[in-house]
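Letters A, B, C and D mark the chains as written, and numbering starts fresh at 1 in each.
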Amino acid sequence: MNRNDPGNAIAEAAKAFSNWGRWGEGDVLGTLNFLDAAKRREGAALVREGVSFSLAQSFDMAGPQQGWRRRTNPVHTMLETGTDAALGNQGFPHGFGGADDMIAMPLQCSTQWDGLGHIFDHGKAWNGRPAEEVVTSAGDLVTGIEHMAPHVAGRGVLLDVGRVVGGPDAELPDGFAITEEHLVATADAHRVTVGRGDIVIVRTGQLTRARREGWGEYAGGASPGLSFTTAGWLHRTEIAAVATDTWGFEVRPNEFENAFQPLHQVAIPNMGLLIGEMWDPDALAAHCSRDGVYEFWLTAAPLPVTGAVGSPVNPIAVK
Amino acid sequence: MNRNDPGNAIAEAAKAFSNWGRWGEGDVLGTLNFLDAAKRREGAALVREGVSFSLAQSFDMAGPQQGWRRRTNPVHTMLETGTDAALGNQGFPHGFGGADDMIAMPLQCSTQWDGLGHIFDHGKAWNGRPAEEVVTSAGDLVTGIEHMAPHVAGRGVLLDVGRVVGGPDAELPDGFAITEEHLVATADAHRVTVGRGDIVIVRTGQLTRARREGWGEYAGGASPGLSFTTAGWLHRTEIAAVATDTWGFEVRPNEFENAFQPLHQVAIPNMGLLIGEMWDPDALAAHCSRDGVYEFWLTAAPLPVTGAVGSPVNPIAVK
Amino acid sequence: MNRNDPGNAIAEAAKAFSNWGRWGEGDVLGTLNFLDAAKRREGAALVREGVSFSLAQSFDMAGPQQGWRRRTNPVHTMLETGTDAALGNQGFPHGFGGADDMIAMPLQCSTQWDGLGHIFDHGKAWNGRPAEEVVTSAGDLVTGIEHMAPHVAGRGVLLDVGRVVGGPDAELPDGFAITEEHLVATADAHRVTVGRGDIVIVRTGQLTRARREGWGEYAGGASPGLSFTTAGWLHRTEIAAVATDTWGFEVRPNEFENAFQPLHQVAIPNMGLLIGEMWDPDALAAHCSRDGVYEFWLTAAPLPVTGAVGSPVNPIAVK
Amino acid sequence: MNRNDPGNAIAEAAKAFSNWGRWGEGDVLGTLNFLDAAKRREGAALVREGVSFSLAQSFDMAGPQQGWRRRTNPVHTMLETGTDAALGNQGFPHGFGGADDMIAMPLQCSTQWDGLGHIFDHGKAWNGRPAEEVVTSAGDLVTGIEHMAPHVAGRGVLLDVGRVVGGPDAELPDGFAITEEHLVATADAHRVTVGRGDIVIVRTGQLTRARREGWGEYAGGASPGLSFTTAGWLHRTEIAAVATDTWGFEVRPNEFENAFQPLHQVAIPNMGLLIGEMWDPDALAAHCSRDGVYEFWLTAAPLPVTGAVGSPVNPIAVK
């Protein structure tokens, strides 16, 4: 990787790790195609104790967003309340009262999946389609997140790189680039394998730190994350999806002098990889470190918002 | 049940089927307490084929809402698009382009869970708490849906009443009240049991009809649904949750002359029952009718919107 | 006008009535340039009685929108309420209480100005600029409505065509195309002149009818409005702006077999004309019909939403 | 004023300066009643040059909000764009293209009027009404801002206290409490009178400073503003409305050790005074300092959002 030539580095990786055409011209699922029925049976067999974990951050104004590219934290408002009900303001008979609410939020505001229409490479969306024909103001007309609605359930693997590679606090410092060597060493330490169809969660510990110290002016600031050089590993392992506990999945600042999220540019439009961001693996990670088991059943179902290029999600791991 | 005296009928059922105090004064989960680790192990063991189904409607402007109590369909808008990326309007280097989006929606607009703070009975919320102290303009301060985030994963049972009790089209007519007898007969026909900790999905077929004929001016109009008289069955079976494919869960118009959602008034604040609405069980139901197996592993994880009285959800069934 | 050849009719009118370059290459105001200080002095001198009128419809769920192109009615929600304040839920000292609220609305949902970036002709925006460089997902980067913020105050003229040309109910039927002859006859009947820099309000009476009979499934349905043939009059009179009491300004259905808002296509991107829609002139019109004076001081200040292609507005007429 | 006894100070001022009942039990306008036809004629006569000024800040993400009480800056999004039009993605015939947009914003986010339902005193809203009956989750059922829609047009007076009392930069320091003496001295320096029915704009210069130095983490932080002790002047002068160029109208931090916006508590629910915040008087102030004329015609029309407790506004001054 030539740090001074991001354009060529991205182009080479994009070509080397492209999955265009692999699942036919009409494909709308990308690497989710790797997650098949056999993998689901394998995943379900991992439920031994019956304990379940949410891997979602809370959706509220305490989130990390600061307004960059109009990404705000979710705004939750009430349409009807218990105070109104108690005061008899609602007009229902026989003591009936109700509360309703609504939300306005960027779909990229908190724990999320990046859809296949989220990133483009030189005007091309996933599978080589012209970006301008895929995602218009009317949404993603081809690869909208709704196509993934029934599929994201299978075997999950946690790679707690923060715990294995980080210090005693189990956190990686901001700017730390996780390489293939770190991923492999972590899997080895966990005695877990990673392969075709798996949903891999990489814990850096940055969220743990943010929860302790506050987000500050974070969103998009420095954080640990995957190195651009992991593109080959992401491709070769044939995993179905990968998620981190950080805003941006890949290391921030990015490893090139002048680039923006170069691993996204390779992974989403070229590889067709489903990427999760801002997940909260901490409760699960604590359990895994206790029992030494880093594989589990995972359901991470996006809301089927028609034409969305991403979705908030509450991933549920069951061991 | 005296159809002319809804006030007393509701009060009697509320008293008879109350679970107040059953799980302690501080409880925030209601009947979800019935869903334990053993039930999750039982549910996971039902994954035999590895096939998965989304039970969510699509979230878009084609939904059933008409503005009643300010409930609109979800409004999805783009913050960045592929057309901008293709035209080089975004200012990123090296051919990087991106699309972002946002949503504004009532949390009760489509496939959803009703949280415990959604309905009150004579100013009382779940577990006997004063409604005005539980749900203010700041949201549900006590029983917000975020408390349920890790829990809703277990054994699901489909009761396809439309198929068993309805005509050859497998649909119940609008206004049809599903009684305990119908539920029991359906379970018998399916050779499936319903018990403590299960998540029960009742299919009426009304969504099938709406999909074919359009919603018209539906939201809140006539539909099949559970009879008020099923309150005892809902309580006695100790199920963790129940969902239907209709807007309002219970039969519409309601069975009393002058009442509004009386079964909600008993089930949510008094029984602490988790209720799902506007689910789409049709793809799952078709599979169940083919293989004759009406039980499965079900994950239906609400988005943990802090203080929400409900949540959109993409329930995933795996068989 | 050849009703069977809308393409050529639009192209001819666009060429004949173009104001491209009239106010320089950098112009962002279009016909608002006609509204100068002298015109403001003339307008202010029309305040004789001191009575003021709002020409805005109410902004609420009772509006005409039905979801076409995701245009909904405004959704107003409370962030804090008096019920909370009364119950002491807010945490302020010394008896202080407060209510806050928010709104989510398309800028085209109710009484509005169409900005210069609202309509394009063959990919060209106002003054001949490429549409794709003017209005991106980031908004109107060149002619955003904020540029008009200080300017829209001057002499207003009401042409109550409904009263002069319509029946005893002072309403024009749906589908009625108002021609130049109707406009001139109305001005004559009102003994009022229309000229350079004026803001002209054309009343059809359709809103009066909708208020009486309900909107039904209106938005975009049949209504009276300006004929395509008035383009020359709109250009020749050098008015600064024109507004109607209808959803679409021009007659609906449009006068060509296969066209969509052809007068918009001529007037906004080619003529640079500021167009108002869904105004409510009824209270003002009643006063004008009583005192026979159809000119007045008019302020119709758009909200300076940066980059907006339109704006809700509460126009105030003072006589 | 006893700084250590805010409760009594507020109660005494509330009683001394109450206008409850002054305009009848059904009143919904408060001090706007002072703005009559004669005042509008007087105001219109002030248009001498014909030059107009917008007193609104721009509505965008660069505003001062930081999320306090869920107040965000306005979020403006596009529903249709010129890039889509240029690429032929819209489906209209004959080269027609269009752009639409929407906004989500707290009504208190930027240049605004506080409605009469915005603040309560010990559970009482304007005119002594119970807060819980006036402002519910359905909005302000009695004194919604829509009632003010036609009225806010009359004589405006600028009191540029920053210029008269501040240093050479014409700015008051944060925490500076403007007293009656400052207001009177400023009016004297401007050779302008303030009286019944006027709309008074007090410029502190804080916005000038924020524009130069950025908002930082402002919203609600320290700023100049009116002293609690001006309540008597506000009442005695019988002005119709008053606005400042600051977030909070009154001096921040407030003058009592433990209080929150005590002048609001007196002025809105007790006096019925219309208060404007976050106005931008700078362009107008520069003109006034040049020609020495500090009075003008002012239109500041709230959007008639039904039931709103406030409204964004683009005030237009014409001299």
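Everything below uses one rule, namely that a residue touches a chain if its C-beta (ideal position, glycine included) is under 8 Å from a C-beta of that chain, and two chains touch if they have at least 3 such contacts.
Remember, predicted model here, so these are calculated numbers, not experimental data.
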Note: chains that touch subunit A and subunit B both are C, D
Among B-D, A-B or A-D, the pair whose interface repeats that of A-C, with over half of its contact pairs matching by residue number, is B-D
Comparing B-D with B-C, the one with more C-beta contacts is B-C
Whole-Å distance, C-alpha centre of subunit B to that of subunit C, is 44
Between the Cα centroids of subunit C and subunit D the separation in whole angstrom comes to 26
Note: subunit B residues in touch with at least two other chains are 70, 75-81, 83-84, 86-87, 89, 102, 104, 132-133, 136-138
Among line, ring, star, complete and other, the chain touch graph is complete
The residues of subunit A that touch subunit C in their complex are 75, 77-79, 81, 83-84, 86-87, 89, 102, 104, 137
Note: in the complex, subunit B contacts subunit A through residues 6-7, 10, 36-41, 43-45, 47-54, 56-60, 62, 69-71, 74, 76-83, 85-87, 92-108, 117-123, 125, 130-140, 146, 149-153, 258-262, 264-265, 283, 297, 299, 301-310, 312-316, 318
